[in-house]
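Everything on this sheet refers to the single structure shown next.
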Amino acid sequence: MTITRRVSWNDCDPSGLIRYQAAFDWFVDAEVEFLRSRGMQHMFERMPRVAARSEYRIPLRYDDLVEIDVSIAEIGRSSVTYDYVARVGGRDAVTASVTCVHVSDGRAASIPDDVRTALQAG
Amino acid sequence: MTITRRVSWNDCDPSGLIRYQAAFDWFVDAEVEFLRSRGMQHMFERMPRVAARSEYRIPLRYDDLVEIDVSIAEIGRSSVTYDYVARVGGRDAVTASVTCVHVSDGRAASIPDDVRTALQAG
Amino acid sequence: MTITRRVSWNDCDPSGLIRYQAAFDWFVDAEVEFLRSRGMQHMFERMPRVAARSEYRIPLRYDDLVEIDVSIAEIGRSSVTYDYVARVGGRDAVTASVTCVHVSDGRAASIPDDVRTALQAG
Amino acid sequence: MTITRRVSWNDCDPSGLIRYQAAFDWFVDAEVEFLRSRGMQHMFERMPRVAARSEYRIPLRYDDLVEIDVSIAEIGRSSVTYDYVARVGGRDAVTASVTCVHVSDGRAASIPDDVRTALQAG
């Protein structure tokens, strides 16, 4: 799934480029849209993030039009890892992975079957 | 009451100056410290902000050492208005006011007497 | 001009509602789109914000679909004041005004005629 | 080197815990203080971040007092990797690494000797 957004003035720092953390803000929104596309947006709050990594390959600056791909890299018993790529002009600018864990009653818990099925769909 | 902080790299935009919204982030932290100084930090969450205004008089930039004054401008039945001044080198850089309303069961409610007394102290 | 966006998870605090400052982030993006619609997006950086005010009338929460109206309230010699309304379900949730000043060589300067004409266009 | 800060209301989301990205905001400030302690704060802007990773081990919430350790994991020809640990109550809550590259004239460049010496100093 791909979402498109502009690099906001709010995302940029005195270097004229994005604050590197801003990409994680975009990925939160991309994950929400990914879940929504499968009718699972209510799961966002139940699957907090436990690990993240990102690499910055091409500078991104104010007003760039960025395409953000979100896909599932892996689904475990209780965790999901998303892969993200933010592209500008067709080139990979930021690549990242974020791992979420399904939490129930304050602990890691198996991902319910209907959620798993929806996440794995198409 | 005065708190001191540095202008963070995260607070600044490609102009090299602060994003104007960043000052409101500082004022949130200043309000928390003000309430803490009166033993009332638990009230922060119960008094959401309903109005704000700010004026920017002197540019603030990355790594500036800023002094932030917080004081109470007015206490009404259910509302408190705070005044803020962010100073750099002894000069007023940002002035602002933020009004909060005490909310109980989802509605504006009288500020409890012990809170009022603590806020008005010294 | 009206833009639409969802309240991001990133915009919300432990109350479940938006951090009040988040609305100013949206208004920055709305101002950029307003300028773009008149071919003036390059002016954004040259017109920093010098004053802002906002009022919060209806709580906004995660995933709300918000319509943001941006219009010009007033154009002076060197300043522009924008009015903003963020609406949810057709009702005004946040109203705000933000004043920008045209800066050239570090000082307030007359707004160029072509910019003024573009901003005033219907 | 260790800096201490409170988890700000601004850092937290509707889960009541920090937005995971907030930790990177803290690490930016910690890196600045680390550089300052070695007289190298002017280098911050010249060494943008090219990779980051973080793991979240213990939930952090509003008003928690957090100690943030920053140290150098590795210095290469043109890059520096920092390790970060955010601790609450003596326990590791967030661990992270961030890699920066020294940039001169838009390209990766050897870290100047005086900078390298200062960074490596005890």
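Going by the order they are written in, the chains are A, B, C and D; count residues from 1 in each one.
Basically, a residue touches a chain if its C-beta (ideal position, glycine included) is under 8 Å from a C-beta of that chain, and two chains touch if they have at least 3 such contacts.
Everything numeric in this text was worked out from a predicted model, so none of it was measured.
Although chain C and chain D share one sequence, what matters here is the overlap of their interface residues, and that overlap exceeds half of the numbers used.
A straight line joining the Cα centres of chain A and chain D is 22 Å long. Chain geometry summary: the mean Cα position of chain A and that of chain B are 33 Å apart.
In this assembly, the C-alpha centroid of chain A lies 27 Å from the C-alpha centroid of chain C. The set of chain B residues that touch two or more partner chains comprises 9-10, 14-15, 19, 21, 25, 28, 45.
Viewed as a contact network, the protein chains are fully connected, with every chain touching every other. Remark: chain B residues 9-10, 12-16, 19, 21, 61-62 touch chain A in the complex. Residues 14-15, 17, 19-21, 24-25, 28, 45, 48-56 of chain D are the ones that touch chain A when the two sit in their complex. Of all residues in chain B, only 6, 8-10, 25, 28-29, 32, 41, 44-45, 63 touch chain D in the complex they form.
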